[in-house]
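Each in structure tokens, the structures are laid out below.
Below are two complexes that have chain A in common, paired first with chain B and then with chain C.
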Partner chain A sequence: MSTQNRYVVAPTVTVLAVMKGRLSGAIKGHALLKKKADALTLRFRQILKKIVQTKQEMGKTMRASAFAYTEARYAAGDFKHTVFDSVEGASVKVAASQDNVAGVKIPKFERLGNGGETKMNLTGLGAGGQQIQTCRKAYLKATDLLIELASLQTAFLTLDEAIKTTNRRVNALDNVVRPKLENTIAYIKGELDELEREEFFRLKKVQSKKKRDADLLQKEKEASGANDHSKVANGGPAAPADGFMGSVKKAASNLLDAVGADEDIVF
Partner chain B sequence: MAAPGPEGSLMAIIGDEDTVTGFMLAGVGNVDLRKKSNYLVVNEKTTVKQIEDTFKEFVNREDIAIVLINQQHASMIRHVVDSYKKPIPAVLEIPSKEHPYDPTQDSILSRVKLMFGAEMGM
Partner chain C sequence: MYGFEAASFNIKDGYLDAVVRGHRSGLLTQADYNNLAQCETLDDIKLHLTGTDYGPYLANEPSPLHVTTIVDRCTDKLVDDWTKMRCNAAQPLATFMDYCTYGHMIDNVVLIVTGTLHERDVQELLDKCHPLGMFDSIATLAVASNMRELYRLVLVDTPLAPYFSEVLTSEDLDEMNIEIMRNTLYKAYLDDFAQFCNRLGGTTAEVMRDLLAFEADRRALNITLNSIGTELTRDDRRKLYSNFGLLYPHGHTELAVAEDFDQIRNAMEKCPPYQAIFTKMGYGESQMLDKVLYEEEVRRLVFTFEQQFHYGVFFAYMRLREQEIRNIMWVSECVAQDQKSRITDGIVYIF
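For the complex of A and B:
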């Protein structure tokens, strides 16, 4: 029903103009948001593909790194205590920058520092240094890949959220705001038409009343003109008025009879 | 959101000894002035509660941008990992030496697959 799903407004021309403005705004906004959602989805799909690729690649790289680690251990003995002891500040860090897709900010990670010039360099100086450095490089490579994967994953989550919000807005505009505005406009238009018809009817009524009054006046004049010469002494208006009232009374009693017969009339 | 700062953010690692050693060797490890480290070595003495607490601590730390966790340890606290929804820090599940990578267990990858559906063809 149109009365339920619309704004409660006074049905005037001004409000109608406002509502029309809002409707065109809603339609434009819907089109723009739809475009945004499309752009986001496009990017989202690219990222999805990349994530799957990178995850699989990560599996391989991690395997390679683990193998390099085993090699290093074989060559250099158990060196993990040396490694844990020499941990101080991180030489490999992550810098977060922002990427912008259709107004959605996506964090992006990059590696900072090459992780080379630390005490780790000296690990295994006694034996197996070569293997340990290879292992270090393998893990550094894995780190790079993981950072890339982290970027993709963050982008994935952010975009997912953004797409959901955008779609929700698109649907809200399409399914809630637009019908509501359209209903309101229809209501205002109907109401304005109704007012116009009322006005027209009133004018016609006034016109017919005026015409009737004019007719009566005419008749009265004619009647008074006819009686003029016979009842000069009695004073003119009484006699014709009497005749007129008599006819009215007769009509009224007719009307009352009709009322008595008509069962639809309540009063 | 992690405050990047000019010096960048850290990566945190939860994993078995070998995995953590490898990443330490690459220069990821960090121990700050208060002797707070950005890694947790999980061995047979580590309790699930400990892993869970450390994971929660890492994802709530401002200076950490990426949390790496071995897949078998992520599976131990699966409910916590799955309920973690924030984009930053990013939580990555990595394979370890003893446990090869199982893509079906990865919470992100399973979501990706779900969304990609038939298009993936995998």
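For the complex of A and C:
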């Protein structure tokens, strides 16, 4: 386990709990973001399809409009300046509003105004007035399509950006944050186990030391009390080793008793 | 009157008559149009046109060519021809030729007035004016803010002055009034032109009567057609019709109350020459009307060249050239917009 791919934390139980919380958060977040990315991609595909359709229609409509202008010029002569010079303000305006797709705000454009329906309808009264109106309508249609296309294109770009960000987040959660948290948790667990083992070993050591001290004390007492106890003197050297092994087994079997009995062990 | 004209016509007008008939042979023929219709690009069109009278005007145009450039150069050719003839003209032919250009003059006046109302630059507006309709004091039109001032300050010195007496109101100018003003002026102009031709007498009067009557009737038809569904009242509509023509006065009364295309058709068909035109078109084909009317006009204009010793040829030449420019515009646009299947819909063959 390398130290690079984990957080630098103190291996304690509290931090472990925090880390576990973060891990479950990361997993949930990953699932949510994945869902969002899917939703965005779905919408993205829809928009793409619509853009292709609109663009194809655009080509046709623009052609038709340009030709309607030709027809109007054929019938009415050069009416361009007459129309240009009587323009006061924009008759078609575009309003921007917002649409919400899975938390991503997408700008949307809409046409305002009816394209100056009332004002110019006497232009070309003497010749070609009808063609001029047809031309106006054709271009109004083209403008509508343009606005729709602008809406779609902007949505396309915004969504593209949003999808990229979301996917980056999804991947980051999946490939960076989660392994790192998992590693940290594993590390903390390892460290905690290690600590436990060390503690256990120390406990044993203390216990055996105490036992040896008690034995020595007893031996001294026996030696001072009854010097002719030859049987005990012969088995003397073997007794500590045997006694040690026995005590380990005893300590392992009921550690809690020993813990409760010995006042040196604080926990 | 025929004999008298033949005796004296060539003394003053023989040269110009020859010139205009020479120009007539420079008009594009059906073969030319067939060639033009085969073109794939605007450069091809230019190449074909360089073989015609338009050659010198288009020869030096650099290559990415636009339809407007072609049309402008072709108009230049007409304007050059016209000014040359006008310079050489003696009275009363000179006056007659001036009359021919008054239509453009009205358009220019209206253009400048509209532009001024919206505070456009006068110099810019002057560039947009039709060169045939220019007059000396045109730039000063910009000072006027209402009809009365316009008349008092500027138009009183122009040939259009008498026509304004009819539309002289102190109402402020707006789009609606301007469009009505344009048509009222045109009506007054046509009436005056017709009277002038009658005064000239002889073959000129005879030929021009026919042409102007057709022009007046066509305007009446167009005004009716284009005012259906607009705010223009019947009385206002009636006032815009000229006081002559085959439809005057009974046809006009019917046209004034017409509310749809079929009613217009009924009114027009009571006049035998127009009945022939309308039978060419199926019911409900109002789109084709323009072309049919242009064809009829061209047919009449071409006939004027069959007559001798009259001024109608000058008028006819101008109109035919304009139709030709319209044809070239149509062909060029079709080629430029890749709509070659529609080419034949717009060409009016002159010869």
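Couple of notes before you dig in:
FYI, the second predicted complex is superposed on the first by the 219 of 267 C-alpha atoms of A that agree within 3 Å, B and C clash if a C-alpha of one lies under 4 Å from a C-alpha of the other, contacts with A are read in each partner's own complex, and residues count from 1 in each chain.
Here is the rule we go by: a contact is a pair of C-beta atoms (placed from the backbone, for glycine too) under 8 Å apart; a residue touches a chain by one contact, two chains touch by 3 or more.
Remember, it's a predicted structure, so these values are computed and weren't measured experimentally.
Look at A:A96: by the touch rule set out above, it reaches chain B but stays clear of chain C. In the superposition on chain A, contact of A:R63 is made with both chain B and chain C.
In the superposition on chain A, A:L149 contacts chain B only, with no contact to chain C. When the shared chain is aligned, chain B and chain C each come close enough to touch A:E88. Shared-chain residue A:T158: touches chain B; no touch with chain C.
Once chain A of one complex is fitted onto chain A of the other, the partner contacts of A:V52 are limited to chain B, with no touch recorded for chain C.
Between chain B and chain C, more residues of chain A are touched by B.
Judged by the touch definition given at the top, the superposed model places A:K211 against neither chain B nor chain C.
The contact surfaces that chain B and chain C form on chain A in the two complexes overlap at residues 63, 66, 70, 87-88, 118, 120, 123. In the complex of the two chains, the chain A residues touching chain C come out as 63, 66-67, 70-71, 73-75, 78, 81-82, 85-88, 118-131.
Chain B meets chain A in the complex at residues 1-2, 4, 7-11, 17-19, 21-31, 37-38, 65-66, 68, 85-88, 90-92, 94-97, 100-101, 103, 106, 108-109, 112-113, 115-116, 120, 122. By the touch criterion stated above, chain C contacts chain A in their complex at residues 110-111, 114-115, 117-118, 120, 125, 128, 130, 175-176, 178-180, 182-183, 186, 219, 222-223, 225-227, 229-232, 240, 286, 290, 326, 329-330, 333-334, 337-339, 342, 346.
Of all residues in chain A, only 48, 51-52, 55-56, 58-59, 62-63, 65-66, 69-70, 80, 83-84, 87-96, 107, 109, 112-113, 115-116, 118, 120, 123, 132, 135-136, 138-140, 142-143, 146-147, 149-151, 153-154, 156-158, 161 touch chain B in the complex they form.
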